[in-house]
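There are structures below to look over.
The two complexes that follow have subunit A in common; it is paired with subunit B in the first and with subunit C in the second.
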Partner chain A sequence: MSATLSAPARKPDASGEPGASRSNRKPRAPREKLMSRSAAMIVMVVSCFYFLLPVWWLFVSSTKSREQFGSTNGFLLADFNLFQNIGNLFAYNDGIYLRWMLNSVLYAGAGALIGTVISAMAGYALAKYRFPGRELVFNVVLGGVLVPATALALPLFLIFSQVGATNTFWSVFLPSLVNPFGVYLARIYASASVPDELLEASRLDGSGEVRTFFTIARKLMTPALVTIFLFQFVAIWNNFFLPLIMLRDESLFPVTLGLYTWNSQVNQIPEIRTYVIIGAFVSIIPLIIAFLSLQRFWQSGLGSGSVK
Partner chain B sequence: MTAPSIAPSAPTRAGARPAKTPRRRVPHARAVLVFLLPFGVLFALFYLLPIGYAVYQSLLVVERDGTFGPPVEVFGGLTQYIAVFQNEAFWSSVGRVLAFGVVQVPVMLGVALVLALLLDSPLVKGKKFFRLAYFVPYAVPGVIAAIMWGYLYSPNLSPFSALTSEVSFLSPDFVLWSIANVVTWVYVGYNMLIIYSSLLSIPAEIYEAAKLDGASQLQIALRIKIPLVVPAITLTAIFSIIGTLQLLAEPQVFRSFTSSVSSTFTPNMAVYATSAVPNVNLAAAMSVVLALATFAMSFAFLKFTQRKAEK
Partner chain C sequence: MLRKNSTRIVALGVLSALALTGCASNSGSGSSGSAAADCAPADGKVELSFTSWIPGIDKVVDLWNEKNPDIQVTVQTGPNGNGGTYKNFFNQLEAGNAPDLGQIEYDALPNFRVQDGLENIAACDGVLDSKDQFIDWTWNQVTFGEDDAVYAVPQDTGPMAMYYRKDLFEKAGIPVPTTWDEYQAAAEKIRAQGGYITNFPQNDVNWFAGLVWQAGGQWFSNSGDAWNVTLDSPESAKVADYWQGLIGDDLVSKVPAWTDEWNNAYNTGSDWTWISAVWGANSISTGAPDTSGNWAVAPMPQWNAGEKAAGNWGGSSTAVLKGSEHPYEATKFALWLNTDPEALTALNQEANLYPATKDGLTLPVLADGVPFYGDQAIYDVFAEASGEVNPDFTWGPTMTQTYADVADGFGGVLGGSGTLTEALKNGQEKTISALEAQSIPVAK
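Up next is the complex of A and B:
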């Protein structure tokens, strides 16, 4: 799609230099350039406030004591009580909050890790082998992408209750492993980034198919794998309907469900509001750290889903 | 793994042309099986089976032998579906999320597209910072985002109390759009990044050619960039449509901030409320209708954009 449009014959002169250097061409008035530049920056900065101000408010609120939360400006720091607040949060109700965080890490971390391996294997098989029924399998998986996960929550509950397994760790963990979109991404990425010649060469070297996948293909597919992992992690971490419908036992809750139940008790137990706010703040820190530290992977992998 | 008529065409198998024996061998059949089995089993157990079970449950009705007899589930045909179509609460919840989607999805994707184009243009400095700043809300789960905005909207606790005491964001007329803002806040950055990384993959020579022809940044954006990122926008639109029909966490959280959100505010909340009655069979029928509607809408949208692209 690009080849016909490029103009290699003409010498590309200094690009991006504002007006002055290109006297032979219709000069763009520097004034106009400055205007569009400032307009663009204003849009960017205003959006930045929109996206970050609520998070800043959450941070500021979680550093305040209960009295100052209601009485001081929400965007300005007052006495810095963050660590004291966190200590109280972790101690409240025998440390149930820490338990919830741990549960979330387990549901999302282990779930996304296993889920990624499973999706990657399936996507790789669909990309790199020819077998009867391949397109059928792929189309069924694609159909799975379009099935809303929440529509499955109720029937999953009914099935788990048939075998008496609701209100267990597994009732939330196992369904979270399935990620059809991960298979789709892995297939696209494997077709594009794992050359057939390489697989042929490793076959000649006597490496088994499965070993080749876990050694060579895995390395080549790393950006896609990190992307799949991160987005499945987020999906499980954010999942609300399935735990809401499956779990009764508070000690099995993920942190989102735990904070939800606290927040719905605020009217009966007013002091719990502080814990809701600090708990909300603490709960988003792991995800922000994960995204920041892995950004060089997912930023390159994210676009691959839309490439046909 | 049946369908024996299709001959596996393995292009890599060079040399002597494959003998036409009736016994066709799929190359590396065992490896394919090993790769596909784990996903296949889980997909069958936790995707296909629930779908089938929901359909089965939705075809049953509970009958009692007399007033005090034990409840018995019997086949009821489409009785539950008729009940779904007569259920006013369910349909008003569908109408609500449709209104939500018609407004919120275009606004969100429009903002995401504009921000992505600005990030991709030479007009903006500090791109790396902005890109991350816009993406931060995506790390906030819907439940947490709703709790946070719930406080920001509340008339007395909000730091914007000058505004929230004038406009009641949590009133019955307004609360749907307050929820729309929460969803938009969370997902703009995510959608922007998908569009942006698609913009990055456009080869730079295209712009060089356009610049030499005297095209302005705006013209480049409108004539070159947007048409080339249509697939990315389509993808984000489909996910947004699916997400809209599934709306649950945000309105459910808002119930503790305001009484304007009913227990059947969105279709998924209606499913949850109905199953808690308990009327499992009706709730299953609702789930099936909802899944089919979602599937149909995203599929129709996909076909629609594909046909437009071909024209």
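Up next is the complex of A and C:
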């Protein structure tokens, strides 16, 4: 996280070739540079390999037919059945998998969007307004960062039980909106990147506080907001324990819980194993899309920060 | 201290209810003894919720809903019992919003009984009369040997037999083993040819329990005011020593069960037999597709030649959970689900469940030969095994913990340290401490 926070201070192209400018000044550097660079490269390649290997396995396994899955090497392609497998997956059990994906997109997409707005507003208010108890509120939020979401699942279940709202969309959606880390990040970023002078100026021009926040502060805070959104999107997408405890109706499941449920039935219906694997592969695609399409906002945010 | 004592008293109360007749326990809304007065039909339409992780069970329930417009059942689902659904049941019982009906495996029933999570449905219409329809051992699982008490309706069973590669045995000229001694002799011959007779799984402790069950052993018993834990009983030790010998002489493979490696060992013909439950038929045919037509099923090897003892691995029941407002209707549905030929046939076709009723074993759907097993009518073997399962086997109230601790020990054995007997002894000690930690009395 510190990288994102300190990034606006640095020029984007300064990180490009730090070794190149140094080597001009020091003639003896190339050898050292070569060694350290190749060491760095090796570390990067090894860790890249390490992180991508399971994804590769997942991809390869998703392309195989059920017979070849057990009998061929897990890392080598066999007959390419990916689209046929995906078709079977989407058709199985009246297309329940698509329903789960849709649920996940709804829980994670809408949840992260609204959650980011809440975090941004709370963080901005804590950074820019002086009011009694401000530090106390902030410290309580900070304390919230330390409480793992898993530990709150059971108390939440008992609370939702009292109002009869377990096994509903809201029982998973509402708790997902809360993100103390997002508030923390938004506060730090707002106090660093939104100048008080700008707010004064907009007030003098007659802009209301809410309008100022949505037109001026929001734009200045964009890189932090994208970060909060992505983090919360991934957190809700991967959230498993809360839906596990709250939901009993299959049509409300997010894809994580659905796949887990299938996986636990493998002993009974061995055919399901194929669906679990293809389902896992398909379920990571929205995450990849979310990251690739949102990362440019980080860059544009960096740029606009440096121009200011 | 006070609190600890009071939970202890509750646990004692519930426990004595286990062996004596319904003694009122003071937690929850109703008391176990008064179920008799409660089990009356409701006026008008009733809606029931039923949680089960059996794939496709909603289609079976649809059959019921069509015929019973006044008792509509909604299926809820989740991961398998130990994967989270049992934990959810306990949370829901605590919060007072448990489903009316829940699927519970036999080895988890005592836990729910000790925690007072089950309705006594003995007084409900037709329950006691249905006793003779069910296979004897399953009835003991749902009554815990109490008088006038029934806590669930048996659903399915997993009688065990021996799956073996008929073609390989014939080709090698090895007779199909009928006793455990012959099984060991065959194992040596197979090893000499480079194969393994079977695989010893680290984590399927309930499979091992099935072998102890066959040998006439008991892991738990309940004397009325305390539990006896006998993982180290002589029968248990006999089975452990036998498999310890096979492991020590490298006569069995040791890959983790239910993995690709394990499937592959069967698919390539390196493992020749599998002592397993009836539902395992499907596991082999999907895990080892290349061996289609080469398998056959024979009764389990015996400890004494000429005997017919069989073990059981798995199976579950449909229980009416504590706090259900409609035990009468819930029971009616549970009895239909688990005795009606149409329902049993659908359960078998959708989810490969093997019935717990005597009549269910002769369902037409179970009579045909199975192409994967060379058109052998394999379910005849299991039907016979089903009648030979010792009716008195009892599960303990903390099986999840017992399985985990014994599996840890088994893992050590497969890695080369310790013995199976030591693993069982260790599991025994851990189980006793776990019971004591829950204030459940243990006989010393």
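Heads up, the rule we're going with is that the second predicted complex is superposed on the first by the 255 of 308 C-alpha atoms of A that agree within 3 Å, B and C clash if a C-alpha of one lies under 4 Å from a C-alpha of the other, contacts with A are read in each partner's own complex, and residues count from 1 in each chain.
The rule we apply is simple: a contact is a pair of C-beta atoms (placed from the backbone, for glycine too) under 8 Å apart; a residue touches a chain by one contact, two chains touch by 3 or more.
Note that the structure is a prediction, hence the values are computed from the model and not measured.
Colleague: Return first, second, both or neither, reflecting whether A:43 touches subunit B, subunit C, both chains, or no partner chain.
Modeller: In the superposition, A:43 contacts subunit B only.
Colleague: For A:166, select first, second, both or neither according to whether it touches subunit B, subunit C, the two together, or no partner.
Modeller: second
Colleague: Under the stated touch criterion, which partner chain does A:74 make contact with: subunit B (first), subunit C (second), both, or neither?
Modeller: both
Colleague: Count the residues of subunit A touched by subunit B and by subunit C, then name the partner with the higher count.
Modeller: The partner with more contacted residues on subunit A is B.
Colleague: Is A:276 touching the first partner subunit B, the second partner subunit C, both, or neither of them?
Modeller: first
Colleague: So in the superposed three-chain picture, is A:249 touching just subunit B, just subunit C, both, or none of them (first/second/both/neither)?
Modeller: After superposition on chain A, A:249 lies in contact with subunit C alone.
Colleague: Would you please give the residues of subunit A that touch subunit B in one complex and also touch subunit C in the other complex?
Modeller: Subunit A residues touching both partners: 70, 74, 154, 157-158, 244-245, 257, 260, 263-264, 266-267.
Colleague: Can you list the subunit A residues touching subunit B in their complex?
Modeller: 1-2, 5-8, 10, 12, 15-16, 25-26, 28, 36-37, 40-41, 43-44, 47-48, 50-52, 54-55, 57-58, 61, 70, 73-75, 118-119, 121-122, 124-126, 129-133, 137, 140-141, 143-144, 146-152, 154-159, 174-175, 177-178, 180, 183, 196, 200, 208-210, 213, 234, 237-238, 240-241, 244-245, 256-257, 259-260, 263-264, 266-267, 276-277, 280, 283-284, 287-288, 290-292, 295, 299-300, 302-303, 305-308
Colleague: Within the complex, which stretch of subunit B touches subunit A?
Modeller: So the residues of subunit B in touch with subunit A come to 1-4, 6, 8-10, 12, 26-32, 34-36, 38-40, 42-43, 45-47, 49-51, 53-54, 57, 111, 114-115, 118, 121-126, 130, 132-145, 147-152, 157-159, 185, 188-189, 193-194, 197-198, 200-203, 205-206, 208-209, 211-212, 214, 216-217, 228-229, 231-232, 234-235, 238, 242, 245-246, 248-249, 252-253, 255-256, 268, 271-272, 275, 280, 283-284, 287-288, 290-291, 294-295, 298-299.
Colleague: Which residues of subunit A touch subunit C once you look at their complex with the stated criterion?
Modeller: 66-67, 69-71, 74, 93, 154, 157-158, 161-162, 164, 166-167, 244-245, 247-250, 257, 260-261, 263-273
Colleague: If you look only at subunit C, which of its residues touch subunit A in the complex?
Modeller: Of all residues in subunit C, those touching subunit A are 49, 51, 53-56, 76-80, 83-84, 88, 91-92, 94-97, 99, 258, 260, 263-264, 267-268, 279, 282-283, 286-290, 351-352.
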